[in-house]
Amino acid sequence: MKRLIFALLVFSMLLAACAPKSDSATADFDLADWDSVLAAADGQTVTWYMWGGSDSINAYVDNFYGVALKERYNVTLNRVPVADAADYINQVLSEKEAGVENGAVDLMWINGENFFTLKQAEMLYADWAQAIPNSAFVDWGNPAINRDFGEPVEDLESPWSSAQFQFIYDSARMDADSLPRSYADLATWACEHPGRFTYIAPGPGAFQGTRFVKGALFEISGDAAQWGTVDEALWDEWSPKVWDYFNKFKTCLWREGETYPKDEYELHSLFANNEVDFSITQAIVGAGALIDEGLVPTTSRAFVFDNYMIGDFNYVAIPSNASNKAAALVLANLILDPEFQAAQVLPENGFGLGFGIDVTRVTDPDQVAVLEDALANLGEAATPAEDMAKSLVGDAASPYQSMVEEGWRENVLIGQ
Amino acid sequence: MKKLLIWIALLAPLLTLGLFALSKGWFYPEPFPAQLTPEAFSRLISDTRTLKAIIDSLLLAVLVSLLSLIIGYPAARAIGTQDFPAKKYVWLAIFLPTVVPPLAIGMGMSILALQTGLSGTPFGIILAHIVPTLPYTVFTLAGVFARYDENYEYQALALGASPTRIFFAITLHLLAPGLAVAGLFAFLISWSQYLLTLLVGGGRVLTLPVLLFSAVSGGNPTTISALSLLFLAPPVLIIAATARFLGENPNSVHERI
Amino acid sequence: MKLKRSLAPTLLILTLLLGASLLYGLMQSLGYLTIIGEKELSLTAYQNLISGQGTAGREFWASLGFSLWVSIVSTILSAIGALFLATLLNRRPSNFDTFALNWNLAFPHLVWGVFMLLLLAQSGLLARWAGALGIIQSPADFPVLVRDRYGIGIILTYLGKEIPFLTLLILALLRTQSDGYLLVAQNLGANAWQRFRLVTLPLVRPALVSGSLLVFAYIFGAYEVPALLGVRYPRTLPVLALESFTNPDLRARAEGMAISLIIAFIVLMIAGFARAKEELQG
């Protein structure tokens, strides 16, 4: 036994000894001088880790960013499709643990829960998001932008697109007038139509489900803004009422609430196959991109409640040990270009999330025209813009994320 | 009739996947897709990422099974034909990697690989895959060796044959089915390995299971089915091609000597 | 000396890679998380699990029970099925029979799980046909066979995969055997059951036991199939482990790692027990 442990130690040390002593790949450009960034990026390959489950999003990224990067900047895009953002967060964290300086990841598509983890672990390249040229189009004063799931962004990530919580229904199956327009309505509707409604199980990697429950918290407590800061007493007061709400109509749900769809796509499938009557989306084009991909019926339409539909931005970030930071910066900048911002909202291009920039900051008349044209062509499967605006609220402070997830799991899923 | 039923059962997975792969917007309760379109396949095949994943996965699985056979052969023979005091412990040491879940091995190994610079390299992935394949190779071969009659070799030796000649003319012939089964197991284990590839590859090594898992998270039955069929093609072809060999009845092995 | 040379490559590769990997895993389960600056070793993760506290700990016992249920049922049914099939084919498995058995070895578990899902879901292929034929009125009328509370879908998936695997393992052993014993038994007037019990079973039992242990170990530690075909609660231990491990909350990582090691420990106990029993019986 002793000999085995000794052998193990020697083996580990040997392996560690022959580990390549990586030399830092940074410091060959100056962020203040964008041309030096472009020069450094020339010929680099940028490895972009992103969730790869959607064919249409994958195609959009390759066909738009991939082509433009190559043609304009001689940068090659290596998009790495991953099943779950948590996987590449783990990769970055493991690299940090092992002290790897030339990391595998150059750019990551992340949302608030992962941002919080990476920030907490100090694994993010800093002080760049407001230094890239196109960040001039970003409204950094907007709290929905400078906070991600309530966590201060602090120049550690740059926005890509925006999203807002919406429902999808099938106009061939249901009349728009009969749609529930509040959480209270929804519970009534669900029990009048047993087994025809379910929602995504809240939890890590399924933030739409968490968001659905947060919306109920907002409506039941009667105010969204008060959840912008953490208040234990407030939580203790209202959370039991929220669990009551969900438990009361649990048996009216699909499979009587015995289980819930794991993610957005499982719910889309239940909806498309007539197992339930509603799905959930975050896209500005509503069901548009999903229809094009053949995931939901062509008669699908999006709608929102009258209030408490949470909206936010999603971001790209660069790990502090990225090997090709210059190329990552070029890509992060390209994403914010009004031309591509306009392209990303059009349903036929397959991405379908909203603008990451503040379009009023764009002054070039041609670009303004392109953006306006895009907005006018969101398609009939989108929620009307005024409904979206009327119901929009910001997210709760980030600690509520896990409080909602664990509370729901404990009190609703596992339950009494 | 019985044979027809078995054929239907055998082909059911392929037919089901094929039906979904060629569909688009096909929902309950339509019994069949309204239209069949190869769209998903043409999209996958025009993607260099998929093509590279196919080649990488194939190379990887072949290398891993060859290495497993070469490394495992002497150990399997020793275990199968000899009795020695520490046999129980040797058996246990080989058994261990098959019971420790890939997750437990993979996570620790991903950090090990990162520290040694093997993360995301072909060598690192091969090493990672050998951990689950090697025990299965040794198990299968040792089982065969346990029933193996070494006297044929001794007789040949007594007749003056060289060890190399004995190995190729006798041992290999006698063991061919066992070797084939062992190699096949190793190939299939490596081919379908997801967690270890993901963790040790750091996402930089994209094999088909990694792509497939990513597609599964997107829930599009058309893409998932098309990718599944591509993923299935090599093993299905191999099994179809070797079935005759695997199906030889035991006596003919003896008659050939 | 020759013995050592034969065993060395296999043993070195396996023990060193496994040992070093597990060492890192153990350190992590003890809370040695350098990323968030924690270098104190503690048993907190294990205490959380045993006492049913913490992010993952609260579900630990339910997951353990569910995992054992799924693995044991799948293993026992697979072994029975394989014995039955192997006995049926023992004497002269035709080329077609062997081909049929080998066939689904070509289907990785993940793909096999995808197939089961497409086929058996409440709005899957069979449900669509049933719906078109008017046998069911809506998907809800179709029985819940996958993503069900009792793991039926997971067990079905494993049966389809593991029965042929075990059958092949037994056949590979039988194939190198002459038919002598069976013929003798037959000449002495043994009936089919006696031939099975007195000749085939003793012959294949070692292979079947170790094969079943492999199957059990695989199922108990496998992530893909339960992740695809399981429900949100209860989850199997590996799903709980990986989801805790990749939880954005880094403290859950130690619990995830601890669960992995507990899985390994449980399987080792069962494997050790089964072997000891085997040896006692001679």
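To keep things simple, chains are lettered A, B and C as they appear, and every chain counts its residues starting from 1.
We take it that a residue touches a chain if its C-beta (ideal position, glycine included) is under 8 Å from a C-beta of that chain, and two chains touch if they have at least 3 such contacts.
Note that the structure is predicted; figures quoted are calculated from it, not measured.
Among the other chains, A has the CA centre that is most remote from the centre of subunit C. A count of contacting C-beta pairs for B-C and for A-B identifies B-C as the more extensively joined pair. If you average the Cα atoms of subunit A and of subunit B, the two centres end up 37 Å apart. Centre to centre, using the average C-alpha position, subunit B and subunit C are separated by 17 Å. Residue positions 15, 20, 23, 123, 139, 245 of subunit C each touch two or more of the other chains. For subunit B, the set of residues touching two or more other chains reads 27-29, 111-112, 213, 216, 221.
Annotation for subunit A: residues 12, 15, 84, 87, 97, 269, 273-275 touch two or more other chains.
On the subunit A side of its complex with subunit C, the touching residues are 4, 7-8, 11-12, 15, 84, 86-87, 89-90, 93, 96-97, 113-114, 116-117, 120-121, 123, 195, 201, 203-205, 254-255, 258-260, 262, 269-270, 273-275, 402, 406, 409-410, 413-414.
Those residues of subunit B whose C-beta lies close enough to touch subunit A in the complex are 23-29, 43, 47, 49, 110-112, 114-117, 119-120, 198, 202-204, 206, 210-211, 213-223.
Those residues of subunit A that touch subunit B in the shared complex are 12, 15-16, 18-20, 47, 49, 51-55, 59, 62, 79-84, 87-88, 91, 94-95, 97-100, 104-105, 263-266, 268-269, 272-275, 293-295, 297-298. Within the complex formed with subunit C, the subunit B residues making contact are 3, 6, 10, 12-13, 16-17, 19-20, 27-31, 71-72, 74-75, 77-79, 82, 84, 90, 93-109, 111-112, 127-128, 130-131, 134-136, 138-140, 143-144, 147-148, 177-178, 181, 184-185, 188, 191-192, 194-195, 209, 212-213, 216, 221, 224-225, 228, 231-232, 235-236, 238-240, 242-244, 246-247, 249-251, 253. Contact residues on subunit C toward subunit A in their complex (touch as defined above): 15-16, 19-20, 23, 33-36, 55, 58-59, 62, 122-123, 138-140, 144, 147-149, 231-233, 243, 245-250.
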